[in-house]
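Residue numbering begins at 1 within each chain, and the chains themselves are lettered A, B, C and D in the order written.
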Amino acid sequence: MTFGSGAMTNSINEIPDSKVLFIIGSNPTEAHPIIGTKMKQAVARGAKVVAVDPRRTEMADVADVWLRLRPGTDIALINGIMNIILANGWEDKKFIAERTEGFDQLRAQVAKFPPEVVSKITGVPVDQLIEAARIYATAESAQIFYTLGITEHIYGTDNVMILADLSMLTGNVGKENSGVNPLRGQNNVQGACDMGALPDVLPGYQKVTSPTARAKFEAAWDVPIKSESGLMLPDMIEAAFDHEVRAMYIMGEDPVLTDADANHVREALETLDFLVVQNIFLSETAKLADVVLPAGSFAEKDGTFTNTERRVQRVNKAIEPIGQARADWQIICDLATRMGYPFAYASPADVMQEIASLTPQYAGITFERLGRKGLQWPVPDAEHPGTKFLHEGKFARGKGLFMAIEYQVPDEPPDEEYPLLLSTGRRLSHYNISTRYSEALDSYAPEELAELNPEDAERLGIKDGERVKVASRRGALETKVRITDRVLPGMLWMSFHYKESPANVLTNAASDKVTKTYEYKVCGVKVSKVI
Amino acid sequence: MKTLLDPCCDRCTHTPETPCRDYVRCLTEGPICHDDPACKAEKQRLLKEIKPNEENQQIFVCTGTGCASCGAHNIVDSLNEEINHQGLANTVNVVPTGCHGFCEQGPTLIIEPRQILYTLVKPDDVAEIVQKEFVEGERVERLLYVDPLTNQPATTFANANFFAKQTRVVLNNCGFINPEKIEDYIARDGYKGLTNALQKMTPVEVIDEVKKSGLRGRGGAGFPTGLKWSFCRQAIGDKKYIICNADEGDPGAFMDRGVLEGDPHAVIEGMLIGAYAIGADEGYVYCRAEYPLAIKHLEIAIRQAEEVGLLGDNILNSGFNFHLFIRAGAGAFVCGEETALIASIEGKRGMPKVRPPFPAQSGLWGKPTNNNNVETWANVPHILRNGADRYAQFGTEKSKGTKIFALTGKVNNTGLAEVPMGMTLRDIIFDIGGGIQNGKKFKAVQIGGPSGGCLPDEMLDLQVDYDTLTKAGAMVGSGGLVIMDETTCMVDIARFFLNFSQSESCGKCTPCREGTKRMWEILDRITKGEGKEEDLDNLEHLAVVVKETSLCGLGQNAPNPVLSALKYFRPEFEAHIRDKNCPAHVCSALMTYSIDPDKCKKCGLCAKSCPSGCISGDKKTPYQIDVAACIKCGTCADVCKFGAVIRA
Amino acid sequence: MEWITLTIDGRTVTVPKGTTVLEACRMNEIPIPTLCHDPELSSYGSCRLCIVEIEGMRNLPPSCVTQATQGMVVRTQTTKVRDSRKTILELLVANHPLDCMTCQKMGDCDLAKYAYEYRVTGELFKGGERRHLPLDDSNPFILRDANKCILCGKCVRACEEVQGRSVLDFSFRGFHAQVGPAFNLPYSESECVFCGSCVSVCPVGALTEKKMVGQGRPWEVEKVQTTCPFCGTGCNFDLNVKDGKVIGVTSNPEAPVNGKALCVKGRFGMDLIHNSERLTTPLIKKDGEFVEATWDEAMDLVAQKLGEVKQEHGADAISVLSSARCTNEENFLMQKLARAVIGTNNIDHCART
Amino acid sequence: MCEACEDLIDPKETELDAVIAQYVREKGALIPVLQKAQEIYGYLPTEVLKRVGRGLRIPLSKIYGVVTFYAQFRLMPMGRNVLRVCLGTACHVRGGAKVLETIEQELGVKDGGTTEDQRFTLEIVACIGACGLAPTMMINDEVHGRLTAENVTEILSKYE
């Protein structure tokens, strides 16, 4: 990363006082509704909004400028905006001089993206590009918000880095209401990363490749730790497919529905010698398992979640587990013990003690301190009040490094055979897979409604509410369609909530070279009416 | 043809873009910037054309809403016809004007300079009027106004009782200028007050002058105008607004309409002066949509003022800017309350806001805002033209100046009357108003509309000013005087006002929304003869709670008509409840109908018109009413030509 | 900070400048009834229940919008004040159904609380006109009974000021005023996204959580604050528990991120906890079919199988998928299991969705 | 544009859009726009309110709130002539009720009603400020005063 790790630099409750919101590849009012409401409060208090999205989201409706770019052309767009900023001398020269390096390479790169060219690539009119640049660059403070519309591309990392460039170019980072904020998708994706549920880092982003880091944990755990990174999810799937991985233990997730190219995932898991799935429902993945372990829901256990603004908060047990179900942490402890390494934790509070002792960001955290309000990491010691926003004064890596980013195209753009561009995401009334098990929510939004532009509908002879067959190179499904100008012509949008219309049998498993994030946002499909 | 507004010669450089500070004075006393007898003569001639005199006699025809509805426009047309026909066009001049105020006798016309007043004029009278007045130099006696008390015809309008006791300051121009011509207003010293303010005074001095005049808000509460202005002037704000409240919603009041229709520039000049004093550069006139003519005249006036540079930027080269806009109300009485009015201008439901903050701090769009009603603004030019002392000579110690009252109801001379503060009700009702119609007995006068109260005859010698009336349980309000005679039922009147208040309540605060409704229900019960003994106490208790706990003036004053009626006419309420009797014979449910066999001419009209078919009889036997079946609608009594049906 | 001193019911109290009389009273445990006031919303001053007597002020000013000033003398419990409050409550009750026995709000209803405290009889204005509006039962989440509405406007302000949506507003006026979506359509036909903020602020039974109807009375329910298991925002709320069952969710004003605000999933999606399809026992697949097993059977099998794979193919032949849905503690333990117990770095989760 | 397409365009809609465009930048534009819209359509159909809402970016709930607050706005079609009978104080004490009765019988409609032949819409209003001529009524923009049960019938006959 150009200045730090993947966490919100600012706090959610700073949002209502923002002067400028630059929202790109993110649909907060549906995917992060409460953050969405805070943004609308900001608008009510006079904040300016730049929305960048091919889809007409609610924020696009209230935006001062809505840049309706072609999916996947974000890099060109941001380069163009930086080009305009430099052309008008709107950059923050003092900030650039004092807190950044690599500006010259950036300038050279950006020079290749004059507004006219960018307008051609992105399909956004020049005057809108200029207005957006003016609003963002000339504001006293401005926040960037992005979500999976930025990361779920094969060049997702580059997308993120160029946003960092934009913020540093204008000095809109490292102060209140100024920063670059990823809105993390899942309730505890931040925490899972913090806790080192990643193949390359131990808790607290301490590299497995670092001898000192390993030494610390080996001392604490009294076992050797492998020095080379392990497999990322997509590689695990491939390795399973190639019989290099023989057994998998999957807790709480359902890759068969949530991972790209689902059919391929299913095949891979079927080839395993042994599969254990631990979940609260018999998920599509669980159906493939040799052993299924019933877990307790969040209401049935104690613990902590860490939200997208780095706030560690309590989860409190409200009821006993249903039937014989057990809390995931108890199951893991049991297994470890049975495998000859006793995990003797009396409670999650004990676990947090060990976490604090090994994770610098969590050093000052205890269940007692979290109380009703939680704490925002880093919390270096027992007195520290927590950290509202990151990078004040200096970046994690010292000076912020400008990265010159080259424009790239998606792995599988539409073509003659698969003429429509499929993009996927979440809707307000559901959350991934689990909310389907809420009677209330499911009766309210019982089925998929893929969004199709009137032009295409006209051409394909499809009417609102009709059922269609959607096919990609990897698979096919049936779904109802909603005809709406929320999507661009040539585009189809689907959620991935519905196992009846599992969008991920269509999506492309090509992934980002660094993070291995699948390109959920772009692949080619064809649509035909079901007769 | 050249008008007073045109430059006398090419030495005059005044335009809205290049304004001249002496523009207004120049038109009437000019030229100022150069001395040229020819120009002077020219200006004097044009001035004469406007002001009536022997060579230029003028017929002022009232075309205010009242007279217009009685065909005043036809009269104007036939007058012009007749005059041309008689070849008098260059010596006689017909001027359609705003309200003369004498609505009862409309259409009226006044011939200047002779001050002749003709009343109840019809188109057929026109030929005779022109012949007699302008050819033979005679009067048309039969059209002169006759005093109902003395039976003497009034030789001039000034000695007609209706006008004689009035002091016309605000209404000075009403009826004597063409409201659609700014030059008429200027010819009668219009915009001189503004010129004085801009040329000779600082904003603070203007405010002090208004304070000194003792002017108090004419909208009802009577808050000192100068003080109000100073609050808004002192308030911090990058922008300030002023508002003219022309949402004259009080049933029985129409003085604001009279002023807007008859002399719109007086209001504009008043607002200009106020804006200069307060430091506002934008203003709104919020006028109810029920006043189309007022809005029309106002629109014309604003356009004309803009054309000559009296509205806009750098007015009279003083650096002072002011822009004026009209907003038509959409029909909600509560919008007379200033915070509701502001909400309405902002495009919201007209629901009052809690104060503080007061509009002077945070009003229209959160900016400091000053709001006065039409009559208040119209007073201001006089103060600045003639000085506070001249103004303050009228009125009482605490209530200075004059007040326009709208005389209506069972009085002989209905219309608009402007009198000095402090005149007694008796003088207004009997001298100016000419007493009660058809020799009936005075019973009560309702002052101040739904916010005011009913006063009985023992209060007739009360001095009309803010404090005295409030003490008596009424209020000046906007100045509606509804006169009631013995045939008016006070319970029915109280019920009428509560019905009005509860249907106009915005519904925001509990006491007004729910309380006025329940008060009305109790009163309705009583008029239907279903009143209970405890009703009066409950009613009084509820009235006090609503008065003391409601959010805005509407709710706080809605109980006044009930409380004052209970105070002065309690026996009449008790009669309804205990004796199931309406002394005034108004509450139909409490009435019995019978037919006097001696008076009955056996025509059968009553039987034919009786909706419940409860009247029987025939050519030979007098008709009779089956009291049991009678629904007490009163139709029989209305249709009977011989007064044979007895109400009791 | 500038401080001012005033007298309330004979007590001398000192509060920061800019405090309202109501706040001053509440800071000092002096009870004042309110129906339309909510610290999270703009002040409205419409219910008039918080009226007090203040020396030198005419009428009875509402304490919620009256600023406390130096030397102010306030009386909150005089006969006049109490009588007026009682009359206002009588007026509200006169236009409010008296089906408290079966009302979902029973035990948690502010109107009922004050009516009881002020000995309201409901007799005073008996027989007068009442509202008769249809029940809005159009959606799975919110029940709207406009006849119980007291027009305090909290829901209108919450929808506009907190949610920025303005689905609700007043319509008509005076006695006929009501609150609802445009054209008073049912919620289901409006722009409503069912965040339930309106429900969370309603002081009476006009807006209630449909799924909680008949499930439990406030005094039977235990409230447990916790963190929402859905998106990454990290909203907090109270799980309402009765007899070991989660019957619904209510806002917790303490919530650091979201205050009273929630979205449709957080407020109404928790019935998934007791979904009949929940796994209640370990399952072992025997020739293609799942059969129920004991924990010992299942856990021994897992331990044994993983052991075998490690033996035959090495630790890296095992991959562990942790979960962004589970707690920090569980993720920590899972990666420790992978690294310390199994001995592989093959640990990952769907970090990227 | 071809004639066929021109036929599809609703002139009222174009007029309304022009009004919205004229006011869209102005503060507090809602009420004037609704007043003009009602002039164009004679009343305020739901579709028109939605169009105004989209044009001025005002939530529909607020527009409905405003429309139902002010007496002037109509959600139902109005007759060719709007007849406003005044029941203000002056008219009340001078027998306005009787006049109203006669009119109600004459037209067969009550307050707020519209005759079947769409000739009249009857409204009761508080005061039209012509109290001097009480009892009074207003038909469209014309005021009629000194009404009696007899002369109203004749006045009504003048309106088609």
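To be clear about the criterion, a contact is a pair of C-beta atoms (placed from the backbone, for glycine too) under 8 Å apart; a residue touches a chain by one contact, two chains touch by 3 or more.
This one's a predicted model, so the numbers in the text were calculated from it and none came from an experiment.
Chemist: Name the chain pair with more contacting C-beta pairs, choosing from A-C and C-D.
Modeler: Of A-C and C-D, it is A-C that has more C-beta pairs in contact.
Chemist: Distance from the CA centroid of subunit A to that of subunit C, rounded to the nearest Å?
Modeler: 29
Chemist: Taking the mean of the C-alpha atoms as each chain's centre, how many Å separate subunit C from subunit D?
Modeler: Inter-chain centre distance comes to 44 Å.
Chemist: Can you work out the whole-Å distance between the CA centroids of subunit A and subunit B?
Modeler: For subunit A versus subunit B, the centre distance works out to 69 Å.
Chemist: Can you compute the centre-to-centre distance for subunit B and subunit D, using the mean CA position of each chain? Integer Å is fine.
Modeler: Computed from C-alpha means, the inter-chain centre distance equals 24 Å.
Chemist: In subunit D, which residues are in touch with two or more of the other chains?
Modeler: 62, 65, 69
Chemist: Name the residues of subunit C that each touch 2 or more other chains.
Modeler: Within subunit C, residues 165, 169-170, 172-173 contact more than one other chain.
Chemist: With touch defined as at the top, which chains are paired up in contact here?
Modeler: A-C, B-C, B-D, C-D
Chemist: Using the touch definition up top, name the residues of subunit D that touch subunit C in the complex.
Modeler: The contact residues of subunit D facing subunit C are 46, 49, 59-65, 68-69.
Chemist: Hey, which residues of subunit B end up touching subunit C in the complex?
Modeler: It is residues 332, 349, 351, 354, 356, 502-511, 513-518, 521, 538, 541-542, 545, 547-551, 556 of subunit B that touch subunit C.
Chemist: Over in the complex, which subunit C residues touch subunit D? Could you list them?
Modeler: 165-173, 181-184, 190-191
Chemist: Would you tell me which residues of subunit C are touching subunit A in their complex?
Modeler: 139-141, 161-165, 193-195, 210-211, 222, 224-236, 239, 241, 244-246, 254, 256-258, 261-265, 268-275, 277-285, 290, 295, 298-303, 305-307, 309, 312-313, 315-353
Chemist: Within their complex, state which residues of subunit C touch subunit B.
Modeler: The touching residues are 43-49, 51, 59-60, 62, 65, 67, 83-84, 87-88, 91-92, 94-95, 124-125, 128-129, 150-151, 153, 169-170, 172-177.
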